[in-house]
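Read the structure below first, then the notes.
A, B, C and D are the chain letters, set down in written order, and residue numbers restart from 1 in every chain.
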Amino acid sequence: MTDLIQRYGRGLSWLSIGLTAFWLLALVILPYLGLFEQSFRPYLPVDEIGGPNDHYTLHNYMALFSNPQDITLCLPGKDTIPGSPIYLPDLVVNWPIHLYIFILTIVYSSVVTLIVLMLCYPIAYCMAKVMDPRSLPTFFLLLVIPLWVSELMRSFSWYIILSLNGPLSTLLMDLGILSAPVRWTWGLCGYSGIMVGLIYTYVLFMLFPVYNAMTSLDSNQIEAAEDLGAGWIRKHWRVIIPHCKPGIASGSVTVFMLAASSLLVPSLLASPKSRWFTEVIQQWMFESHDWNSGAAYAFLLLVVCTIFVTVMMKLFKVGLSDIAK
Amino acid sequence: MSASVELRSVTMDFGKYRAVDNVSVKINPGEFFSFLGPSGCGKTTILRMVSGFIEPTAGQVLIGDQDMRGIGPNKRPTAMIFQNLALFPLMTVWENISFGLEVRGVDKTTRRAKAEELLKLVELPGVADRFPSQLSGGQRQRVAIARALAVEPQLMLLDEPLSALDLKLRQHMRAELRAIQKRTNVTFIYITHDQGEALAMSDRVAVMSRGQIQQVDVPQKIYNTPANGFVASFVGENNKFTGELTSVSDGAGKFKTDVGEFTVTLGQGVSKESKCRLYVRPEHIGFAGKSKSHVNAIPVTVEDVSFEGNFAVVLMRDKAGRRRSAEVRNDPMNPPPQPGTSTTITFDPDKALVLLDSEAVAYAERD
Amino acid sequence: MRNKFRHSALLIYCYCFLALMLVPLAVMGGAAFNDSKFPTVLPWKGWTWRWFVDLYNDDTIWQASFNTLIVAIAVVVMSVPIGTAGALLVNSLKGRSRTLLYALMISPVLTPGAVIGISTLLFWFKFNVPAGLHLSVFAQVSFIAAYVMLMVLARLQSFDSALEEAALDLGATHWQSLRRVLLPHLYPALAAGSVLAFFQSIENFNATQFTRGASTTLTVYVGSKVRTGITPTINALAFILISITVIGALAYEIRRRRIAARAAEAEA
Amino acid sequence: MTRLTPSQELVRAARMSRRSLMKSAVALGAVGFAAPIYSTNALSSSGEMNFEGWAGYDDLKGKVFPAFEKATGIKVNFKEAAEQDTMLADAKTAVQSGAVDVTEPTINSLPSWSAEGVIQAWDLGKLAPGNYLAGVPGAEAGGPADVDGKRMWVPSCWGTEALTFKKDTIDGTYGKIGLADLWDDKYAGKVTIRAHSSLSAMGRVLDAAGKLPQPWMDSYKDEATMRKLWDIALAEAIKHKKNVAQFWSSENEAQGAFRTNGAELGLTWDSTGANMAAEGFGFIAPKEGAFGWSQGFVLLKGAKNVDQAHEFAKWISSAEGAAAWASAFKANPVGKGGIDLMDKAVSEFYAAAYPGDALSKLWWWPAQPAWWLKTRGEYADKWKSA
């Protein structure tokens, strides 16, 4: 705080505090409070609100842990590709259905984040250190073209591409690679379509921060590492990645959060086996009209994802302070 | 215009750590004043208190007799040259230089003219439209100086600005800085851990250790009559002897060590009871061949001779196995003894100083 | 030499990535000319311009596009200063308070759009602010500012605060130092943040849906078409936008190359 | 010379056009903060009404509302909503703001609307109840449209959820094909269904086969019975999950399933059947009877244009209005004489879809109270993620 005033003076400090306060109070906290309060009360008809049944309860939250269902766990390697040669025994568990969906959402969001990171890192490196900087604006412009088209339309084109009689199957059959068309959204335990859609939709949210971090790395450091005989793996692992950690962390947090809270992509690119937690929230709110439970689930998603991100950052030894050093 | 600076019992604490401990010093207008000390001695903290980035925990900072408490860095008549120069990477050279004028609302033509003029002053014409990243280290150095001068400060604060330069350039810039200071007659406060820099440029030097000033004096006095063991060992080289004073009389005495007893001169505040050591600078050591007629003589074996151009350093071991060194002028007629030979070194009593030993010495040696 | 080979491989990878990013757009663009009511390229039912004609005649789409643009601009104008202020604030805090503030700031990113929309609507309703695009702006800013904050924060950490001190020391006010020293350093992040904010706003569906009142934005319009079936009119609009961007990018690149060639000639 | 960094390039570029940049930034800012002004809320109480209805039916704006305005002088401000749930969500807030007068939910969701307390009763004196076709749900007193003896809902059009099939591969003769076919092994990977309707379809199949301990209709009575019956239906459905090519939840998804995702048989809305008709697909009522849906108007509490709203509902019950409304939705009219004024293609499509006794076998979706919807959601989740 004193640091803020020292660096930016009183006027600017108060301005930034004021703007942040407006944002967090008027646009985030206060609006959420109403729903937050509602999430602790049962869903009741209007005339019973305020009546004897209207009391605070954790019931809406506990619903996540009710309704167990026999679920045959899908293990990677089995069922991923039609006619996969690997045989794994079925693993049946009896889990609360919404908890199961919730766990899958977190797992698949993490995988998506990881894949996106691996896709983006070389590109960010290339853009920052290899590409002719004068070509960058063009490259950027072309990269953001997909953003002109709404997420819905983009996901819809992927739906078309990945569907049974879509261009991908047709192309591969014309090339003689496939003998029969394939539903590409059914792979990876029924989540391949969703993952493709999420990766495609959120890849730029990783690329920009990592690229940003990469540009601030002095090329001399890379040369120094090369000079000291570091191979390219060591060079990246010991010099470049540590420098880009803040960008990687901020990109990963963004992508993970976006993926976990995405709704359009999982509903458009679903397979008959897939379900995303946001769809459950949506269902609470708009099919069951139960805003109370919907809000409870939404806050659960918020809290658990925040905890998850914090734990992951601890695990990988990236502090918030790294993001905001 | 130049201003005086006075620190009155200034103390600065960072949490539990005391960076500056009750420092008082007065710097005269137009003076080139250096704070010399190892890293962590508190000299940078002093500079930041003068410039106004931090406020002292206790005590006063006065610039031109005015108490500076509560006055921000942008309101003080100071200009700072940062260790890493802190040139604005996204401004061209001339914009960097005239930034101080720009924020004062000076119009562009005047600013540009002033920038060109200053570039001439620092002997760097023709680079006005480049970016700092397109300049060499020495050129950037000059731009930083020009930028600081542009605001016509009464006080220039320099935070080890030469540390990133190579030796040749550093020596050149020393002279340059000194010349600019004389030309502009601005008070300079210079922070460095390089004694050569401090001695060569400064009117006066304050040697610091552990947040305290050990000695303030002109460079010659600092070198020739150090106030204590810390100053002696931090500034220049010394042969150190551990032992005790056996007799004391009128500023002189006898100092007994395990390689003999020597006739010595007593430093400031030394008495028979004080904890002290004997310091003899390498250049004050002479060779007496095998004769032992001199009053202060130590038999040694030569281990190595390193030739430095105008002088040579002779490294030896005394009979207690301690390393000793001597510096002799390069004289082809009278070459230094060859490695392996046994010889005797001597030194005059008035060049053998017994100085107060404080924990600061241990600190400096550890460094 | 090995470096050179690796660099070429990297460049090829980049261009492949770019190409892959554009594949779905090709499918979408192709559907704009397919004489099928369903926006797909397969089966191909013949070339047609009718979707462009439909687009031209669709007043709702034009009104929705205009609304979308207004909202997007308002969102950029609000979320960039807010996100930047938030980043500066977080950056200057330490320990617990930083973690708490940071968590609060990114919480809207994770909150489902419907929740944001509904809570925004209900909250402003208490102050008699009716639903409308202004509430959509508020709802969108609440989470888009977080993206901006993240980008600015990442950029801030590479900033040498000695530059600010240097500016202050030279007599600049805090405001001048911000404007001339810090902001220029943040430009890339601010530019990227603005672009991101703009596009995020354009495609926001859920939060807008609940706050928009009687006005319609493009994505909401497209979303509402899903129930009855999207027609390639939307693809026609997308095709036009994409074409303009591609042509713009190409024109820029050609012009740049020509200027570069001329400069090289002049030097030789 | 050192190469400039991207940020330096940016600064250079920005500097070159700083003036124009500043100008446009200022302009953008001004427009941005002025944006809220554009979202005007036209609320007035004469010659207008605010209607929130289904999105995507272009003829409403193009033909129906102009015709209504011509007939009555009342202008309809139309807000489109993609989902009924959106309408209810909006209605919850409109109760206080009065921004919406009338919306158009389906009759089976009326209990939720009524329980939410967002609607008020119609004044039958200002309507023409005699105009409604007999048999349409809610047309008569004492029917499902009444709450506490008051008419809360009046019909606007109706339709079905029945079987869409690929004519090449499936024999869709009425009486041969039924809901049971959805679960037949020979259609593995070729079926598209809605998660919750398909469970109802399974329930009705099991019911017809006598495999349920009590009638399927009982599952609408209380939660315990519902869970008992739906557990059975769910377990049976999961055994046949491999049949499902794609779950649909909107018209677009249903069409996509047929057009590109290889579905050949589906339990879909009639509109899907109509849209797919030109592409070799047929639409037929299953032998067990089609699911019937009926949508209609509710008057919101806090409505500002009550008289105009009545005028509107009354006009839709006239032959002309009913035909216009049904044509726009490609559905069936609720007013007497409406069928004669319908678009010929539409009326022919329906004649073909309900041959013989199909209309008498219509299985109207029962009223869906809140607890039922909630439980249905749970089962849909289990069914989808199984």
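Everything below uses one rule, namely that a contact is a pair of C-beta atoms (placed from the backbone, for glycine too) under 8 Å apart; a residue touches a chain by one contact, two chains touch by 3 or more.
Here the structure is a predicted model, which is why all the values come from computation and not from measurement.
Asker: Select, from all pairs of chains, the pair with the highest number of C-beta pairs in contact.
Answerer: Highest contact count belongs to chains A-C.
Asker: In terms of CA centroid distance, which chain is the most far removed from chain B?
Answerer: D
Asker: Where the centres are mean C-alpha positions, what is the separation of chain B from chain C, in Å?
Answerer: Each chain's C-alpha centroid was found; their separation is 55 Å.
Asker: Centroid of chain A to centroid of chain D, CA atoms only: how many Å?
Answerer: Whole-Å distance between the two chain centres: 31.
Asker: Could you grab the centroid distance between chain B and chain D? Build each centroid from C-alpha atoms only and quote it in angstrom.
Answerer: 85
Asker: Which residues of chain B are in contact with two or more other chains?
Answerer: Residues 53, 72, 89-90 of chain B each touch two or more of the other chains.
Asker: Where in chain D do residues touch at least two different other chains?
Answerer: 4-7, 11, 83, 86, 89, 252-253, 256, 259-260
Asker: For chain A, write out the residues touching at least two other chains, lowest number first.
Answerer: 9, 134, 156, 160, 165-166, 215, 285-286
Asker: Over in the complex, which chain D residues touch chain C? Could you list them?
Answerer: The contact residues of chain D facing chain C are 6-7, 10-11, 14, 28-29, 31-33, 35-36, 38-42, 50, 54-57, 61, 77, 79-83, 86, 89-90, 93, 96-97, 99, 250-253, 255-256, 259-260, 271, 275.
Asker: Which residues, counting only chain A, touch chain C once they are in their complex?
Answerer: The touching residues are 1, 3-4, 7-12, 15-20, 22-24, 26-32, 34-35, 119, 122-123, 125-127, 130-131, 134-135, 137-139, 141-154, 156-158, 160-161, 165-167, 170, 200, 203-205, 208-209, 212-213, 215-216, 232, 246-247, 250, 253-254, 257-258, 260-261, 263-264, 278, 281-282, 285-286, 291, 294-295, 298, 301-302, 305-306, 320-325.
Asker: Using the touch definition up top, name the residues of chain C that touch chain B in the complex.
Answerer: 160, 162-163, 165-174, 176, 180-181, 184-185
Asker: Could you pull out which chain C residues touch chain D in their complex?
Answerer: Residues 37-38, 40, 42, 60, 67, 70-71, 73-78, 118, 121-122, 125, 130-134, 137, 184-185, 187-188, 191, 209-210, 212-216, 221, 223-230.
Asker: If we count contacts the way the header does, which residues on chain D are in touch with chain A in the complex?
Answerer: Against chain A, chain D makes touches at 3-7, 9, 83, 85-86, 88-89, 112, 115-118, 189, 241, 244-247, 249, 252-253, 256, 259-262, 370, 373-374, 376-378, 380-382, 384-386.
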